[in-house]
Amino acid sequence: MSSPEFSHLDAAGRARMVDVTAKADSVRTAVAEGRLTCAPETITQLRAQALPKGDVLTVAKIAGIQAAKSTGTLIPLCHPLALSAIDVEFAVEPDGIAIRATVRTTGKTGVEMEALTAVSVAALTIYDMCKAVDKGMSIGGISVVEKRKE
Amino acid sequence: MSSPEFSHLDAAGRARMVDVTAKADSVRTAVAEGRLTCAPETITQLRAQALPKGDVLTVAKIAGIQAAKSTGTLIPLCHPLALSAIDVEFAVEPDGIAIRATVRTTGKTGVEMEALTAVSVAALTIYDMCKAVDKGMSIGGISVVEKRKE
Amino acid sequence: MSSPEFSHLDAAGRARMVDVTAKADSVRTAVAEGRLTCAPETITQLRAQALPKGDVLTVAKIAGIQAAKSTGTLIPLCHPLALSAIDVEFAVEPDGIAIRATVRTTGKTGVEMEALTAVSVAALTIYDMCKAVDKGMSIGGISVVEKRKE
Amino acid sequence: MSSPEFSHLDAAGRARMVDVTAKADSVRTAVAEGRLTCAPETITQLRAQALPKGDVLTVAKIAGIQAAKSTGTLIPLCHPLALSAIDVEFAVEPDGIAIRATVRTTGKTGVEMEALTAVSVAALTIYDMCKAVDKGMSIGGISVVEKRKE
Amino acid sequence: MSSPEFSHLDAAGRARMVDVTAKADSVRTAVAEGRLTCAPETITQLRAQALPKGDVLTVAKIAGIQAAKSTGTLIPLCHPLALSAIDVEFAVEPDGIAIRATVRTTGKTGVEMEALTAVSVAALTIYDMCKAVDKGMSIGGISVVEKRKE
Amino acid sequence: MSSPEFSHLDAAGRARMVDVTAKADSVRTAVAEGRLTCAPETITQLRAQALPKGDVLTVAKIAGIQAAKSTGTLIPLCHPLALSAIDVEFAVEPDGIAIRATVRTTGKTGVEMEALTAVSVAALTIYDMCKAVDKGMSIGGISVVEKRKE
């Protein structure tokens, strides 16, 4: 069969963890993005009351960093990886907040799941802090925008 | 000021955990949804090789349930809650998989963050298992669809 | 059908977490036992070098207590419970060590999984500390010996 | 003294973590086995209601994989290891379920504790899902069947 | 003997977890304090480069809150508690930073360990962020300043 | 500017995790110390009732070892590290207990935070076990006494 195969499924269609023992350690980088969409009034209110102090985005950044470190616990078939760099950045827009996470490791597997997890949990953390003022928020556009092996 | 206030910010705009000590224990339910969007070929391939065994969705369900339990660890300003029920359901569609999580507790705060976390991590888990065959997937539409206090 | 039913399976045979929201809080106790079987020489050597200081059994006891607390994380369909008492006791025998764990909570579900988990991890911890001197150990007889609701 | 020594005890008989700093990284594999023993009727009922969907064994497999990853947290004197492969297999027998876990790493210490932990927690997870229909189950025969360094 | 007794030791002097099953749920509050002592130049430099943005203290606050939630995992004989409020405050002084944590729960045991843990981990987090500029810092004065049951 | 810089702050004063990807793996050792200060009567009573069995210090040692392993989870901007050795030692003095932790790894960053965390949590654990007999204890003098790269 010429189509790509699900690496996490064995020949019988059962879930499995991929054996990466024989893979070489490489420097691997992944970048993921996502977005929390909210009412423009929520952004206005954030700019007035919360963003000057910076806490909302700092709390979300820390949550994203911590989540990236625990990806191997959260995602069952992921391998645990010792991450060497995690960054989470935010862009405040008129009706939402864009989130971008960059993760690096020297290891045997890529780190796109770690970057996606950082974005997801950072978004959930902002959602948590804003949910008292906005009941209609949603999180979306979570995808990998770069993956690199050196 | 008559607009709603950020419960997680104090008067100075600094992040804080809300003090829920005086709140009554109520039965609280929250339902959240989200969606992994992928290529139609990925769904076709999943239907042929993975879905008959059921493992992909069962692994994602377990990951979502476990994540809901650890919401208080993942989201910094969330209160830890003893959840009394967590369910994660999936609907396989032609170009994606819809995810719906229902969480219940008897406690002092709502459980929408737990439901959103279950959906997010279940989606990430499917992403992880399909990423070898589809590099263009995205996760979105993560939102609360129901919140109830009895 | 009159036979008992798997509470963790829905009508379609799919795994699920039981919804215990409507259950009353009761005082619940469970006792579990298990045994590490080893060579008589290992026990002799433990008695000579390790048991006087007590560390081996204290380390195993702490590991069992900590594992009981994390049962809701280890066993996917278990509910998280706030345990009010955990005890782990040992009886050193000529060719092994018997382990007994007692767990209590005031909650909506029984604590036999917590007691079984405490026994299992205490046994694994002793195994770990003795494996340099005995390659033929085994762990067995892990079962619930008492379950009580007040 | 010519008998083997407890690596986890110092000269005074006190528990310690072994210093493996100077050990070389090697590819290490360990295989462990164990068994959940239950009533034949439980197996009959599992075959009728649960095994066709596969969820019971998939949930147990995921629990075993996740437990293997957290061995360094569960077993106090174990070193944390970045596992490169974890597999958990099951054989359904007339009066029980045999469990076999294989774990691999490239690291400084062996992985038999990780394999034993995977077997133990997979067995506990099946126990949890069957305990509503069978009060007399037990877990045993947990032992290492292979340990290899390449 | 009329002197107070170690609640965590049984009659034989062995460590144990206290059985709190029969205790009533009360509202419990504890306040703990501590201090990171550093060179005055470090404070000057923090004021110039770090404190305006607020991140250093926000990161430390989040770390303290998260640590308080995991006290039952960190301190072996502590009971897990569902905390209803955690606050961590800082006072920047000429040669150090004072830290004060307040923790509340409705439960069966006091929360002084949770408050002490929050202070300790908040202090360690500041230490971590300042260690590149100051090799001579120390953490001290960690003690309980208030404990209340309502 | 010639003064040393906060490695955990970017040019704008925002917190960040340091990117250590390009650093070489070295053998790194750190030693930290700290002290629990208590009433002389508490030490007298510990010597009479608790220290002969050794459990108090063994429980604290295990807690310190486990905490060192989880430093990357506790301290937000720390990198996760696979520690190759952790030791925690105690000296019982007339009015307190001195604690000393030694941690080693082969990795890209130093392990002083791991040693400081081990000392802090070991001290908190002794505090927990003695708090029923002594309400006036304090923890202090937590500092790094040695840091080495080979």
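To keep things simple, chains are lettered A, B, C, D, E and F as they appear, and every chain counts its residues starting from 1.
By definition in this document, a residue touches a chain if its C-beta (ideal position, glycine included) is under 8 Å from a C-beta of that chain, and two chains touch if they have at least 3 such contacts.
Predicted, not measured: the structure shown is a model, and the values here were computed from it.
K.L.:
Touching both chain B and chain E: give me those chains, sorted by label.
P.N.:
A, C
K.L.:
Need the most distant chain from chain D, centre defined as the mean of C-alpha atoms.
P.N.:
Taking each chain's C-alpha mean as its centre, the farthest from chain D is E.
K.L.:
Computing the C-alpha centre of each chain, which chain sits at the greatest distance from chain A?
P.N.:
Ranked by distance of C-alpha centres from chain A, the top chain is C.
K.L.:
With touch defined as above, tell me whether chain E and chain F contact each other through largely the same residue numbers, more than half shared, or through different ones.
P.N.:
same
K.L.:
Could you state the distance in Å from the CA-based centre of chain C to that of chain F?
P.N.:
Going by mean C-alpha positions, chain C sits 30 Å from chain F.
K.L.:
Which whole number of Å gives the spacing of the CA centres of chain C and chain E?
P.N.:
So the centre of chain C lies 31 Å away from the centre of chain E.
K.L.:
Quick one: chain A and chain C, Cα centre-to-centre, how many Å?
P.N.:
Going by mean C-alpha positions, chain A sits 36 Å from chain C.
K.L.:
Distance-wise, how many Å sit between the C-alpha centres of chain C and chain D, to the nearest whole number?
P.N.:
Computed from C-alpha means, the inter-chain centre distance equals 14 Å.
K.L.:
Mark out which residues of chain D touch at least two other chains, giving numbers and ranges.
P.N.:
14-15, 53-55, 58-59, 62-63, 66, 70, 76-77, 82
K.L.:
Each pair of chains that touch: what are they?
P.N.:
A-B, A-D, A-E, A-F, B-C, B-D, B-E, C-D, C-E, C-F, D-F, E-F
K.L.:
Using the touch rule from the top, collect the residues of chain E that touch chain C in their complex.
P.N.:
14-21, 23, 72-73, 76-77, 79-82, 107-108
K.L.:
Can you name the residues of chain A that touch chain E in the complex?
P.N.:
53-55, 58-59, 62-63, 66
K.L.:
Write out the stretch or stretches of chain B touching chain C in their complex.
P.N.:
Residues in contact with chain C: 27, 54, 58, 61-62, 65-66, 69-70, 82-87, 104-106.
K.L.:
Any idea which chain C residues touch chain D in the complex?
P.N.:
3-9, 12-15, 34, 41, 45-46, 49-50, 52-53, 55-56, 58-59, 62-63, 66-67, 70, 74-78, 112-113, 116-117, 120-121, 123-125, 127-133, 135-144
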